[in-house]
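We just call them A, B, C and D in the order they show up, numbering each chain from 1.
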């Protein structure tokens, strides 16, 4: 096993995300980075994970063309269950089966709330984004939500303009008070700079891990508030050469995610 | 992934526990008679059995003394004749008193639906005014609630999510991992079987996962929810499985006459349940000629296509 | 067109039931007499009716073997929609589509309430019957419920022991007060003696029509209360010879309903 | 029974009325683009359009000025890129202000489900805490209710039944009478299309009722609920229909660039919507070579069997 010395921050993010997954887990997976991350995990250390998508898809194998989003035609002929949203968002997610929900996000705030609706005022936004899709359901219902996005400072406001997907709302027990189930909520935010988790008491995001190329200072600059750093903050292992080879050659041979950037998420104006 | 294939004997031993809340799948067809007979043979006790619309499954389990509580909408010998063991139990407490919680098919299916999704409840306009609504049994206050709708003030009936410790159902085909496909009259089965913590799938045929993947729209429950898969052809006899075998009317007629008295019922169990080791012995006892008479004339359609392009269009990639 | 002089009371009941149906109507149909009645109508004057069954079946054609009950295997290969109970009891019946719901019944009372649960006390019955199945849903939800049963006096108590299927409950507006939708409820009871309908004000059952072989006196004796008779009470036309031929030879060639009596409903002890 | 087959022109003229509440079926696949273009060509006005999870359908209808109100969970060019006409409308009120009622996919699908069954409401644990719940638009107090469950006191979110005047959806096949079959990723479509007073089914292929009856488990809506059937191959382009054609990524890419400016959007409509008479002209404009590139490799499975015995067993009859 040799560590790679030639990898991008996006590749590091994907591999860090995949490391959160244990073999055999049930995942409900959103569009963009979560797709390639979970397929990479399935291809490597977690072949027996089950991947569920919001439109009614349960995948146990890797499609021969990588899906660009969770409604991509290529998933139809590779799934073991293919029906409607009540099959996955209902009888799997609302029923509490997923170990992890993977989401992309435009903005994430101090308490893990996600905004994919708009920047500025909701009734007359400065920039209108797509909206929730199933994201609000993932965030409302899943035991452990992992959000993946490119780390740019403007993506990490202290408070998002619009809570599309509830995280811990105002921290502490405000999530449970709003009616969401105990034992659900954000587990980690994984970016191109590091891995961020949430304190059990205040439910505030903190720096858990940063990547070998980076530094705590650089990471802290990536947030619009003064993010706390774990006392035993960790440095992630870099990807191995084999991991990078599999990711590039086997998972994304057309370069849809890694080269052509078809999956880049909107950040701000 | 590890195969979940096992014998019926082992599946029932391992996954059905005394006192469990058991869902029996199948809406007339797909009823798991092979599993039910094994439950009786293993003398399971104190079960609560939930079954929306079956034939003589509940009658046999009640008569054999496996049950303490039932959730259902009806129990009937399909001729239609009353189910004798049910009658003896409800009218005379034989072999022991049981409690029966009764709904209508729609309200119970909605309760299974709420259970499968773990919804807090579902509101409906059925059931109100009936004595079913006014006579809760062991579910008591939680059988249903009649409230005024917060939207428009009209009276509505709320049914709770019904969930089960273990669900058992016969299907047309499944793979080793429990991805199960079924078709025909489905009734409540998809919602019921998805409302269970543990699931035993009894399949007419075990197929390769590739067969499942060639028509994933048929799958009613994903394998990851399934604990055990039992290959059990003819597992729903004397009821039917669409495309596999027709209903054995003569057997129901025989059962009706055979179980009219308590002695007759005991003798039926001795001969057809305790007296056979497993389903294959039961089937041998039915006999090839009788089985052949139940084989359906084929009725199948065009397969549907799930294809897509294997590559992206070139100038989108570049 | 020649009237038949050789028909049974059961055959008269079936034909009277079929006459209630107009071509093009949507029917939701229970087990036993309703099955043969609606298939006969489809074979004769109402070829474009749609027949729905509780397990998830929508039929537009007549199976080549007559179903003995609504879960009979022969309906699977003749339906145009075949799925689950939410498709028919839900998206058809609860959604308000059926013009008529046809039901069998063990007992029917003065206000059209039906009992198929038990005779005597519910907790320790003298005779335990099958229970509701979908009958309570038909009676709760359908615009016009037609109940068909053999006319024996013990089947017509003033008040049923157990309301499995709500009719007009205690009459007047008690049905609506219980929460059931206005514009729903019993439309007719059709027996081997006649056709009985319900007053718009009191919602009490009255004698609307009797059959040519019978008399008002005989009909009145069939009830345990003093049933009112319409001022313009009618006498039904007998079946035609052609109707009887079609019923016997084309609809029930194996005699399952008309000869072997496999469909006879339970009445009392 | 009378055939309901008609041209798209006639179906939209007859069944879509100014001011209607319109459901657009399809969850990415099955979106009825041919019908949407005809709605734009006929310059329908004041529509409320409900669409759970589509691609650029809402963007086109908003930009063309057909809508006053929208019910949805997202609108996005699938690349993923923002939808430009939507942005112009929401950010700058071009071509006119609209109101947008937003849910999540699960909550909106449950609302369609409640609408399809005409349930008073359905209770769920999603949506609470989000700003979607706190910002109702034109549905106001009736968007949802958060109450304490009468069963256990926990906070629950009630979603109302959403019903529609008219629903339109592309499917793989249908018969003359509107019995419609669809497969692949189904999303919200079955519940949405069953919640409509009038329904237009656009089918890739019109088949004999015999084909429907050979696999009735595929039917998502029975013909008696359907007002019109339009034969419209390629009707979902540039989106896809499983087994018929793949997604046209290049067209989405082209649409993204073409509609970035208001002028560009108007020119797009002129060329691709107003500039063609009907779907067949649109398809001709796409060109055979481009269409051929979208044809899928086949992926189909074993047909399933619905057979039964044609006669009763003899000694049951006698």
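The rule is simple: a contact is a pair of C-beta atoms (placed from the backbone, for glycine too) under 8 Å apart; a residue touches a chain by one contact, two chains touch by 3 or more.
For clarity, every value in this text was computed on a predicted model and none was experimentally measured.
*Asks:* List every chain that touches both subunit B and subunit C.
*Replies:* Looking at subunit C and subunit B together, the chains touching each of them are D.
*Asks:* Of the pairs A-D and A-B, which shows more C-beta pairs in contact?
*Replies:* Most C-beta pairs in contact, of the two: A-D.
*Asks:* Among the chains, which one keeps its Cα centre farthest from the Cα centre of subunit B?
*Replies:* A
*Asks:* Measure off the straight-line distance from the CA centroid of subunit A to the CA centroid of subunit D, and report it in whole Å.
*Replies:* Subunit A and subunit D have C-alpha centres separated by 28 Å.
*Asks:* For subunit C versus subunit D, what separation do you get between their C-alpha means, in angstrom?
*Replies:* Centre separation, subunit C to subunit D: 39 Å.
*Asks:* So the centre of each chain is just the mean of its C-alpha atoms; given that, what is the distance between subunit A and subunit C in Å?
*Replies:* 57
*Asks:* Among the residues of subunit B, pick out those that touch two or more other chains and give their numbers.
*Replies:* 118-119, 124-125, 154, 156, 183-184, 217, 240, 242-243, 246, 249, 296, 299, 306-310, 312, in rising order.
*Asks:* In subunit C, what residues contact two or more other chains?
*Replies:* If we look for residues of subunit C contacting two or more partner chains, we find 73, 76-77, 82-83, 86, 90, 94.
*Asks:* Where do chains touch, given as pairs?
*Replies:* Per the contact definition above, the touching pairs are A-B, A-D, B-C, B-D, C-D.
*Asks:* What does subunit D use to touch subunit B in their complex?
*Replies:* Interface residues on subunit D, with respect to subunit B: 118-125, 142, 145, 147, 149-152, 154, 156, 158, 160, 172, 181, 183-184, 211, 214-215, 217-218, 240, 242-244, 246, 248-250, 253, 293-310, 312-313, 315-316.
*Asks:* Using the touch definition up top, name the residues of subunit C that touch subunit D in the complex.
*Replies:* Listed in rising order, the residues of subunit C that touch subunit D are 26, 48, 50, 58, 60-61, 64-65, 73-74, 76-83, 86, 90-92, 94-97, 254-256, 260.
*Asks:* Which subunit B residues qualify as touching subunit A in the complex?
*Replies:* Touch list, subunit B to subunit A: 1, 116-119, 175, 177, 179, 194, 209, 212-213, 216-217, 219, 221-225, 306-312, 317-318.
*Asks:* Give the list of subunit A residues in touch with subunit D in this complex.
*Replies:* Residue list for subunit A touching subunit D: 31-32, 53-57, 68-69, 71-73, 75-77, 82-86, 89-90, 93-94, 116-118, 122, 124-137, 139-141, 162-166, 169, 175, 178-181, 262-263, 265-266.
*Asks:* Could you pull out which subunit B residues touch subunit C in their complex?
*Replies:* Residues in contact with subunit C: 27-29, 52-53, 72-76, 78-83, 86-87, 90-91, 102-107, 109-110, 113, 124-132, 135, 146, 154-157, 183-191, 240, 242-243, 246-247, 249, 296, 299.
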